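Supplied in structure tokens, the structure appears directly below.
Just so it is clear, A, B, C, D and E label the chains in written order, and each chain counts residues from 1 on its own.
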């Protein structure tokens, strides 16, 4: 059904800071006005809560990773479209131990991380690469991201898996060693803006306004606009240098063309199959899920992985393409 | 037909009988003292008169009207404690005697002023005018009971029920409360039922003295039987029966 | 007859007691049905039968990975933490309550301090607690202690102060030393109140337990709830919430009965 | 002389009152120094002078982006939420407490329900609350209400039940209706206890406020603490914690004084 | 030298004088009744005798010893309320009279058995043997006060202080408590100080009756002056002074 008022939620993370800037700077309003709609961008402190709220219908869109989109809204029967593929993590997520060591030395150690998050996925991929399994670890301790730095400072904690800006803070400790990070699995941890498919289909203007606004800010960032970057840095609680350091380990798609190309690449289906298997293995797809293929995922070319009869997650390049074509 | 009639009243709590076969008639304007051993059911009988409880069997009627189902304006009451409202000043307590029956429980405007003036008169009569703006907690026990009686009378009940109203007072204060009560009684001519522990007090103030006691007494299980009115003395004969009761009943034997 | 004097009879009373629970269930069932009609795989308000199935599965089927029935493991882990935290708090509060209530010197020293400390929101100082007590079982127990101890101390020391001066003087005239007064006069009279106070602080204790488990844990009821929140498994969450409510209710009941049994010389309170 | 009968004189008393605070400060200062000696950029236990500087900066320097002094804005936002939540709870609890305490019908219906509901740990149903009440101001206020209302209702209804039956009967003999008894007899006697109960629930109210602000908010004391917690900016956290403690203490004090002032007919309690 | 001497005692609370210039000597074995208007300082004087409080000026000595600084074994006490331990059974309460002075406040082994046997004797003498295993809350007021006296006596104090010990009892029970107290006194020959509201009681039981009153009375501010002993009657003369007091003092005038 057509409507004019939209609400999207975002939470603080390097690649999503532009959303806060869009709201504060008025750029979003400008683009919304152009398409005669109204878009409210709401910051939520708790990332999981923001996705839950979206899944429950409180928001029309939310900033989320590919993995969480698959497990929460798509797994929960809310047909969701990745409207904007913003970046992928290229070092932003990391496995860190105290003292020296390598991935293999993790065997028999307890690891603190946010369970079932991309950190967990990163750890699983890392262990895979050296032929270990999660059961080879002493334990996996679910630790809130808000307390990860404090946790690393306690003697009981030997290894953590977490994301930026926590990674850079923890690495300031001279005893901390990075063992593995997302640059070792490039393109697998993808940060998206996902929106409700039904809403998007009924309101193409919503997609256009969002894409238009987003790529305007991308342009400013790509140009190195210090004022814009400083605003984002301060909103995320760090300074310009800190924020730039985080951006360095993030593969931002500053131009829509790059984003379209990445989304259309043949690597994406493989990644998503990997992710679905990981989720199924952890029981996250729900006990209604008979197999890892329970939820179908559709790609820009119309191909699908998983159950083609139950497509709940769609990668759609339409609006990014429009931005690339300057058609907005 | 008598003013107050209680016909064949029974009352049990659970399976335990408290009162049995209580019959009583009282004329309008009579002052009836009630005495009896501790725990024999005097307060319970007063609660029945008050319609705070309903007898298991039997009926209590006042002026021939159907039995009341809950306490109301017809009967005023003064307990040993908790008989005044601690959150109202002395004057407000008296005004409450008239105003609680209204829709909002308080008077407004001229009505309020008039009620306050009437309350001040009452207070002067009961000797509490100098503490009109204090709270009851600052009053001595005797003053509180005077206030409680004044408040009950402000509602102009036809019957006044007193449950050991002077039990907590020291002997001196108690004597002056007797004078006060006798004055008021002469003035208003109300029907009064007063429970007391003090035989002397009962005979001094009452026209009649009822003695509650268990007519049958099971030494194995004293709780087996309920109490009833075992003596009904005319107390206007100069207190002669006082001696007889001392000899005849359990009343004064300490448990 | 005034409403105040009208009592429902035994049948009506039973109906009335059940009524709000029935209404709540009904409201949930309707809400759930409406949502499921729109999106059959909605996870937010699973149907009652779904919750029932999930509950049965959680209670009986072992976990695939660990081959343990997680439900009972979570319950065990949480209960141990809770009982430890509450037990330690109760013991400390009894000792400190006695000292503060009985001894003017200790009272002068600690009463004001405890009053100020009790105002610190424990969740805000979590990082410090972690550093001092680590992230293991200890820190969870400590969070419970930090959360409920100030209240317990304040309540119990006030109760000791309420012991009639006459009784203390009486004990003194019988030659009791300060220690004997504490042990034989004040302590026994404090115990029923201790149970009361513990009952009152069970709610906060659960709260802090769940908060601690949400932050760093490998098992426990709070851990599971916050973990499955990551995929909005409300059927699991609701099962756990009902279970926690039941546990809390049973603990409360047990303590009440215990108090009646142990302290026949005091009347039971509501 | 027994310890129990020994009272410190006024000078010693003052020293004793200050002693635990001084010891705490000292312990912190030593701990901080030890940590800083090891790692000068340690963030966990900033030195007291650092905290002082930070506090001064927070209290006076406006934020560069918004040009507002965030500290006062956070305080304002949090206080409004807290007062709304506590106020609404107090009002509801008064009404429900009166109804449950006075009317047997309502008591039969709600007493058991409230007892069960009060056992639900609010943090566990947080996701549900957010879904039902949204993420705006409303949900934060609602979390406070959900957190403290059951306790308030139980406490206040117990207090209404404690009003001597004699007093109610007396009011009846003066012709008072149920409504007048509630309004003029029970309510005024409930109010001092209400203040007491509100004082007791201020602690939990802060807790729930901070928990709610941690999840979804754009300003507020709890929001700020959780925002900077990610960076372990303990100087900021401690400033906020001290400020919250102070605020809570002042509220408690105000309520106590208010109760003494408003209800001269009742004795002040500890 | 007398057994108990109080020399020129003053006591003020803050700036408000309660007692002024109180002088008293009493011989060992005397029974001293203390009467006086409510709030005049009788209980305060008893607290001074008990060494629960220290006089602002003056000294109280017993048997020539230096003034006691806190209550102890030498003086037993029975208050109107709270005089027994609610959490101990009746028998334990009596045993406590002996055992509280020990290190752990209780006896073990043979000592405990012996103390229990002695307690049962005491209980038989005070007529409470049939309720030895009950808690005080289940006892009537009179039984509780008997227990309190029995407990105080179990500690064998040289002086027994009673603060309105029978004030809460009904007249019947009160009479039998008088008998009980007189028996005990004849047996033990203790020195007793008893505060009472009831003049009759004071004269009946006491060898002497002290009257506390304010010697000067300021009608503007009755709190300006403290009280002292205004009369000291020999009560063994058949109660004749009773009449005189009624006429001479404020004691019985209700406030």
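Quick note on the criterion: a contact is a pair of C-beta atoms (placed from the backbone, for glycine too) under 8 Å apart; a residue touches a chain by one contact, two chains touch by 3 or more.
Molecules present, by chain and UniProt name: B, E = ABC transporter ATP-binding protein; C, D = Lipid kinase.
All values derive from a computational prediction rather than experimental measurement.
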Longest centre-to-centre distance from chain B, chain (CA-based): A
Of A-C and B-C, whichever chain pair has more C-beta contact pairs: A-C
Chain C (Lipid kinase)-chain D (Lipid kinase) separation of Cα centroids, rounded to whole Å: 18
Rounded Å distance, chain A centre to chain E centre (Cα mean): 82
Centroid spacing, where centroids are CA-atom means, of chain B and chain D (Lipid kinase) in whole angstrom: 47
Computed distance of Cα centres, chain D (Lipid kinase) from chain A, in Å: 38
For chain E, residues that touch 2 or more chains besides their own: 70
For chain C (Lipid kinase), residues contacting two or more additional chains: 2, 44, 126-127, 131, 172, 214, 229, 232
For chain A, residues that touch 2 or more chains besides their own: 52, 56, 146-147, 150, 153
Contact set on chain C (Lipid kinase) toward chain B in their complex: 1-2, 5
Touching residues (chain side chain C (Lipid kinase), partner chain A) in the complex: 39-44, 54, 57, 64-65, 126-127, 130-131, 134-136, 214-218, 223, 226-227, 229-233
Chain C (Lipid kinase) contact footprint on chain E (complex, rising order): 50, 52, 70-73, 75-77, 79, 81-83, 85-88, 96-97, 100-106, 135-137, 151-152, 155, 157
Chain D (Lipid kinase) contact footprint on chain C (Lipid kinase) (complex, rising order): 2-4, 6-8, 12-13, 16-17, 19-21, 44, 102-105, 108-110, 112-113, 115-116, 118-128, 131, 151, 158, 161, 168, 172, 177-178, 181, 203-204, 206-207, 210-211, 214, 222, 225, 229, 232, 234, 237, 240-241, 244-245, 248-249, 252, 269-270
Of chain A, residues touching chain C (Lipid kinase) in the complex: 48, 52, 55-56, 68, 71-72, 75-78, 112, 115-117, 135, 139-144, 146-147, 150-151, 153-157, 283-288
